[in-house]
Structures are given as C-alpha cells and as structure tokens.
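Before anything else, here is the set of structures, which you'll find just below.
You will see chain A twice below: alongside chain B first, and alongside chain C after that.
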Partner chain A sequence: MYDPTVARLTYRALLGRRRALILFALPALLIVIAGAVRVLTGADDQVASDVLGGFALATMVPIIGVIAGTGAIGPEIDDGSVVYLLAKPVKRPTIIFTKLIVAIAVTMVFSAIPTFVAGLILNGNGQQIAVAYTVAALVASIAYAALFLLLGTVTRHAVVFGLVYALVWEALFGSLVAGARTLSVQQWSLAVAQKVAGGDLVTSDVGLPLATVLLAGVTVAATWYAGQKLRTLTLAGEE
Partner chain B sequence: MTTIDIDHASRWFSNVVAVNDITMTVGPGVTGLLGPNGAGKSTLINMMGGFLAPSTGSVTLDGRPIWRNEQIYRKIGIVPEREAMYDFLTGREFVVANAELHGLDARAAQRALATVEMEYAQDRKISTYSKGMRQRVKMASALVHEPSVLLLDEPFNGMDPRQRMQLMDLLRRMGDEGRTVLFSSHILEEVEQLASHIEVIVAGRHAASGDFRKIRRLMTDRPHRYLVRSSDDRALAAALIADPSTAGIEVDVTEGALRIQAVDFGRFTALLPRVARDNGIRLLTVSPSDESLESVFSYLVAA
Partner chain C sequence: MAVEQTLTGAGEQTRIHNIGYRNYDGPRLGRAYARRSLFSQSLRGAYGLGRSAKSKVLPMLLFGVMCAPAAIMVAVTVTTKLKDLPLDYTRYAIVMQAVIGLYIASQGPQSVSRDLRFKTVPLYFSRPIERGDYVLAKYGAMASAMFILTAAPLFVLYIGALLAKLDFSDQTEGFLQGLISVALLSLLFAGIGLVISAVTPRRGFGIAAVIAVLTISYGAVSTLQAIAHAQGSDGAVVSWLGLFSPVTLIDGVQTAFLGATSAFPGGEGPSTGAGVVYLLVVLGLIAGCYGILMRRYRKVGL
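Now for the complex of A and B:
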C-alpha cells in the first residue's frame, strides 16, 4: 500500500516548490502572534484558547492542509509529469495512499508542532489547552489532507476550492449557520480537543462519537475516491 | 514479439473527433506515425499508452486491454511529448526513481543512462538540462525495464542534428532487437530515415499505411498544382495541354497567370522549361500552389 519512491518524490516536490514558503510563513506568524499576545496580556487561558482556536485551528491548519494536500498531487497532474508515476505497474490506490501519508505528515509537522509551541508560549499549557489544540490539529490534519488530496486529483483549481472551503465554508458559514458547523472538519477536531481539555474552554458543536465517525468516514471515502479517479485519469496531450 | 492492436478505435472530446475509426496493428520493428500537427497522433499514442480510453473500439496489447491495466507497463515504455519532469531531481535521481517504481534497482537506471549517453550530466539538476538532454533522460526513464514496446511522442522535437542521429541509431537498434517501437512525427524526412513501416494519420483518420517507398510514391504521384506566369500564357497553355502530364489548365485572367494541374510530377517538371524554350516563351513565375504539408496529407486521405 505504501511506496517509498512515490513518497520521496512527493515530499521533495512539496517542499521544493515556492508554495512551500507558506508552510514556513504561517507557523512563524502564529508563533509571533502568540509571543506578542503573551507579552501584551500575560498568560490567560481564555485568550490562549481564542488564539489557538481562532487562528491556529480555524485558519492555519486548513491552509497548511490545502497546500500539502493539493500540492501532493495537483501540480504533477497539471504539468503532466504524473505520467512517470502512472506509466508504472504500481497500483493507483497505492500512489494515492502514499501521497496521503506524506500530505498528512507534512500537515501535521507544519500545523500541530507550531500549535503546541504557540500554546506553550500563550499560557504554558494551562488547563491542557496547548495539548488539546495540538491533538485537534493532528486529527484535522488527517481529514484535511485526505479531502484536499482528492480535490487535487479531480480539479485543476484545487487550491482555490480548498481555500474557499477552508475559509468561506468553515469560517464564514460556520459562524453564521449552525448547521454548517456539523459539516466542518474544524468542529470535528474540536470535539476531540474538547475531550482532551475536559474544561469548558474548548467546545465543539458536534458530539465526539459523531465527530469520530465523520472524520474517519470522510478520510476513507476521499482516499478511496481519489484512488478511483487516478485509475481513469486521462491526459489530453498538447494537441 | 509484442503487438499493439487498434481495432476501430475512435476518440472524441465532447463534440470534437480527435481519432476517427482507426484500425491498425503495430508490430516489432520501428513504426513511424506520420501526420500534420493536430491530426490526432498524440491522442492515438495516449490510447496506446493507457492514458486515454477509446470512446469506441478497442486498443489492446497482445490481446489484453491497455486502458485501466497498470500491469501493462511492465511491457510498455513511454516517452511523452510534454517537457514536464521532476525538475528538482538530478537526471540520475529521476531515472533511479523510475527504476524503483518498476521494482528495479539503481543498476538498471545506470544501464539506461549509459544507453542514452547521459552519464556525463547525470548528477546535474534536470532544470539545467537542454531540451535534447531532457529528451534523453526521458528516454532512459522509459528504458529502465527494457520494455518490449516503446512509445515516443514527437521525440525529435527540439533536438539538434547530432542528438537526432544518436536517438535514431538507438531506436533503429531497438527495432532490430525485435522490440515494437512507435514514434510520432510531422516531418516526412524523419519518418523516412528511421521507420521501416509508416502509418499516416490526417484529421483523425487513417490515411495510408506501408513502407516509406509506398508513402513517398503516394505523395509524389498526387496531382500537383502550379501557378505560372509567362510572356505568352495562352501559347504556353496550348503547348502544355498537348502532353499527357497535364490534366488541366486554367487561364486566370484577373491574376494574369496560368493555373496548371500536373498529374505526372517528374514528367511535367521536365516538360515545362523545354516547351517554353521551344516556343520562345519566357517563364516569369513558376510556383507550386499546394505544397503545404496539410494539402499533401489530405490528398492521401482522398486517395
């Protein structure tokens, strides 16, 4: 199911591109914000939760997920170099699964670690807030990577759609329409975080059992479908 | 012995027909797929390479369907036309990755790099390669598993004459070894030099098939049209029409010229200056009016 060569090509492509700069810039921004907030307001559990929930989990994690998830396959399909992967006796689901693992790992490294560090800066992991949001970021990384990998496989405008989903659907609709929150990776991962933190600083609109089912379901379904799409990927050529 | 069978295959993209009911068999040896740009060569090669499903008909390799059958790539090597590769890798890293994806090791990659004579630049990044070097590394990536079928889409594009000769030698050698080599080109001379068998595609249709002598003859035997201006058009017309090498002459009064249709190319080109001299007529303009590649090819379709 896992092909080390595909993995190597994928992560080198992901980190070798200019887009990768965002992977470094956003976490750096989070750390800077956390530092500034700590200096200005001191250690405050509510503020820590607001920063981690409002910026780290709601904005940074999905954007990192878009870049890693779509970037793991989209550019290869766009420029046609995916031919070199496809013209091989390697099962298509294996290619997708390997790319998913890489996308998840990259998303986790660039979102969960900075979230944890920011949490430590903000309130020294008081009330388990840093750990709770780190767990949320880890969980969200899996679902985002799978979703955006699928998006990168089926459309050339994956980055745009990905950002629209992440920012418009989850942030805007999520705050206006209660129902939209049920269909939100962010809320599902918050449900897990709520369980970890225990208190009432971290809350989700979705119950943990439902959130777990939806996270697993979305991840599996998106990965399976991306594998199917790759089997019938057509290359139109340049004529 | 590996054979690709294309059986009444068509492929359309929404309402544009790119490949129209083509039936052909590509066997061992070097086959040239000849046709003008946009004729459907790439579409056909993409179907043979498993990157495009035929809309109708079938494309099979030794009887097994190629579409959605990744095991077929144990036998097929593909050299795509598009430039994009993993530019951030060195040539060696790229070919090694291709070998690994076939379950082979770096030795296979090294052999392929030696075959295309790219060892000298193998440790440079692909992004620094010239077009010809890219082409050779692509070639190496297609050869790592010593495939019995090699498909190349416009492989000579952008190559200098020396690189072109090297690649031709290599492909010829592979054909002689009994591999099935198919390459596409829109340049007759290229195909003529290399291919023992030629398939001509025009506007999505299979126009002609045969060895290069047959194709060459079809092309030179077609009616040629000339535009001729002279000091006495009518006298010249009268003298030319007496000879069986011309099929028709129109006196174009507005242009002040003759439009001549010649049926016997060799004979007509010898006849015209002789007739002019014998009749004391000065030839002012002699220009072929339909020498574009497209018109040559479309004649073949009609034939």
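Now for the complex of A and C:
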C-alpha cells in the first residue's frame, strides 16, 4: 500500500521550490503573533485559547491542508505528467494512499508543531491548552489532507474549492448557521480537543463519538473515492 | 583562391527570391491599439468572457454573490420603509472581503500565470508593445475588473436608495465616497494579486499564495487588534496595527477621509494625522506593486 518512490517524488514536489516558502511563512507568523500577544497581555488562558482556536486551528491548519493536500497531486494532473506515474505498474489506490500519507505528514509537521510551540509561548501549556490544540491540529490534518487530496483529483480548481470550503463554509457559515458547524472538520477536531483539555476553554458543537465517527468516515471515504477517481482519470486539455 | 572565388561568386548569385507575396502597405494600428486590445482581452478574460463555459462559472458566481446582499438590502429598505440603508456604502467592501479576496485570487493568476506557463509572453513582446504596455494593460484590466466587482453592488444600493426616496444629497455623497474607497481597494488588491501571481507559472499555487497573503494578514492583524483593544490599550496601538494588512489599510483610509465608521475593534479608526500615513502607505504599495511588476518583466522567463 505504500510506495517509497512515489512518496519521495511527492515530498520533493511539495517541499521543493517556492511552495515551501508559504509552508514555512505561516507557522513563523503564528509564532511571531504568539510572541507579540504574550508580550502584550502576559500569560492568559482565555487569550491563548482564542489565538490558537481563531488563528491556528481556524485559518492556518486549513490553508496548510489545502496547500499540502492539493499540492500532492494537483500540479501533476495539471501539467499532465501524472500519466508517467499512472503508466507504472503501481496500483492507483496505492498512489493515492502514499500521497495521502505524505500530505498528512507535511500538514502535521507544519501545523501541529507550530501550534504546540505557540501554545507554549502563550501560556506554557496551562490547563493543557497547548496539548489540546496540538491534538486538534493533528486530527484535523488527517481529515483535511484526505479531503483536499480528493478535491485535487476531482477538479482542476481544487485550490479555489478547498479555500471556499475552509474560509467561507467553516468560518462564515459556521459562525452564522449552527447546522453548518456540525459539518465542519474544525468542529470535529475541536471535539477531540475538548476531551483533552477537559476545562471550559475549548468547546465544540459536536459530541466526541459523533466527531470521531465523522472524522474517520470522511477520511476513509475521501481516500477510497480519490483512488476510484484516479482509476478513471481523464486528462482534460487546457481550458 | 579558388575557394574565395566560389564564395564571392555564391554571394553574388544567392538572393531571396521574390515569389510573389504582396507586402502589406496599409495602415499599421501600432502600440496603442495593441495595448488596448490586451487590456480588453484581459478584462473580458477576468469574467470568463471569450473563454470556455467552465471558466465563466467562478467569476460570474462570485459577482452574483457580491451583488445579492445589496439587492436584498434594497428590498428590505423599500418594503420596511427604513430611513437609511442598513449598511454604509463604504462598509460594503469590508464586509464582503472574503468574496473579493477569492475573486482576485482566482482571476489574478489566470491573467498572468498562464502567459508565463505557456510561454506566450515572448510572443507578446515580439509585437510592437513594450514591457510597460504589457504591465499597464494587465494591471489596468485587473484593477478595472475588481472595480466592476466592487462598484456594482454599490450601484445597486444607490439606485435602490433613490427608488426608496431616501435623501438624495446624503446618498449621493455616501455613494461617491464608497466609489473612491473601492477604487483604491481595486488598485491595491489588483497590484498585490498580480505581483504574487507573476512570480509563479503554477496557477494553483498562485491562488493559494494570494489568499494566504490577504486572509492571513487580515486574520493576524484583527486578532492582534482585538487583543490590544481588550487589554485596554488606547486607540493608537489598535490603529497603527491596521497598517499591516490590505483590508485594514483601506478601512483606515476611508475612516480618516471618507466619513466611514471603522470596523476596527472599539470602532475608532485612525485620526486624520494617522490617516495621512495610511493613505501614503496605500499609494506607496500601489506604486511599489507597479514597480515590482515592471522589474519582473524585464526578463521574460522565470
């Protein structure tokens, strides 16, 4: 199920050239903000929770997920070089699974570690807040990577749709329509974080059992469908 | 000697044969015409006109999403006979910034990245146009497209306000202030979007980078502002923080000069003095974007 060569090529495509710049810039910005906030306010659990929840989990994790998830396969399909990969005697689901592993790893490294560091800077892991949000970021990484990898195989505008989901659906509708919050990766991962933190600082609209089932379900279903999609991939010409 | 003779002999004998094609000796349309064509092509392309049906979907959808709330507000104003529009003209673009950001992110790379990727830029420069013409046409087209996107809902609001018989001079003043503000916003966003997308031939990556710069800077600035405000620091800190993201820059300028109420936490924007700095930064950024684009196209490849 895991092909080291495909994995190596995907890593090179993801971390090579300018793509890595954004991947490094976002976490750096989070840590800078955490430092600035700490200097402005001192250690404060509520503020730490707001910054990690509002900036790290709501904005940074989805964007890194979009870049890593769609970047793992999108450009190859876009410039047509995916045919050389598909022509090799490697199963399509194996290709997807390998790319998923890489996308998850990249998203985790670039979102969970900075979240943890920012949490430590903000309040020194008081009330387990840093750990809780790190766990949420880890869980969210898996689901986001799977979702956006699927988007990458389905449409050429994967980045736009991924961003629409991450920014418009989760941020805008999530804050206006309560029902939309049940269907958001962010809330599912917050449910896990709530369990870890235990206090009242981290809250989610979704219960833990439902969140776990939905997270696992979405990840598996998205990966399976992406594999199916790759089996019947048609290379569209340039629009 | 013999060799030399054959060479000179060959030189005298070879000629490009005239095989009867006629030369073109009609009027040449020249640089200005080429620049205008590139401008109108890019402007049409920004709304998917003259491109495939699929590529019309996104810009048209965003345009619809941009105008729909304005139409709803007008309907509400007319039916409930409000004394004023529920939202200021200047505030509209700030509220709808997510849609504006998505539009520039999707259309900016479409405008310049594909020229780089399919290596059509050298073909443009084999025509009479020069570097400045290309940059001017692309920048102008993108800014105009953004202006159409942001000014159309204001126009809807204005017409609706007049139909609802709201105070004419009041509404006209607000409408004009709104137009100036979205014109600045269009120039600024178009510049930022084009500079970022001109660096990369990959469309998808350009989209992500533009969105990241716009939303992340806004998210970071508004988080810091909210915290500074909650900590009870005076309005000065809050308003100086606004210098670091495009949306808050526009917000600051229109609060200081165009009679808008600020969206900053606490509702107090920069004073007139700080507003001058805001305006200078906005104009500097616009000029800087233009300068970077000019530098960028000094060499055509990457």
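One rule holds in what follows: the second predicted complex is superposed on the first by the 234 of 239 C-alpha atoms of A that agree within 3 Å, B and C clash if a C-alpha of one lies under 4 Å from a C-alpha of the other, contacts with A are read in each partner's own complex, and residues count from 1 in each chain.
Methods note: contacts are C-beta pairs under 8 Å (C-beta built on N, C-alpha and C of every residue); 3 or more make two chains touch, one makes a residue touch a chain.
None of the values given here were measured: they were computed from a predicted structure.
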When chain B and chain C are modelled together on chain A, clash or fit: fit
Which superposed partner A:Leu9 touches (first chain B, second chain C, both, neither): first
Arrangement angle, chain B at one end, chain C at the other, chain A at the vertex (C-alpha, nearest 10°): 70
First (chain B), second (chain C), both or neither touched by A:Arg92: first
First (chain B), second (chain C), both or neither touched by A:Gly69: neither
First (chain B), second (chain C), both or neither touched by A:Gly119: neither
Touched partner set for A:Tyr84, first chain B, second chain C, both or neither: first
Shortest span in Å between Cα atoms of chain B and of chain C, once chain A is used as the common reference: 9
Chain A positions touched by chain B in one structure and by chain C in the second: 238-239
Chain A contact footprint on chain B (complex, rising order): 13, 18, 37-38, 40-43, 45-46, 49-53, 68, 70-74, 76-78, 80-82, 84-86, 88-89, 97-98, 100-103, 141-142, 153
In the complex, chain A residues that touch chain C: 18-19, 22, 25-26, 29, 33, 36-37, 40-41, 47, 50-51, 54-55, 59-60, 63, 66-67, 70-71, 74-75, 78, 157-160, 163-164, 167-168, 171-172, 238-239
Residues of chain C touching chain A in the complex: 51-52, 54-55, 58, 98, 102, 105-106, 118, 199-200, 202-205, 207-209, 211-212, 215-216, 219-220, 223-224, 226-228, 230-231, 233
Chain A residues within the chain B interface of the complex: 3-6, 8-9, 12-13, 16, 79-81, 83-92, 231-239
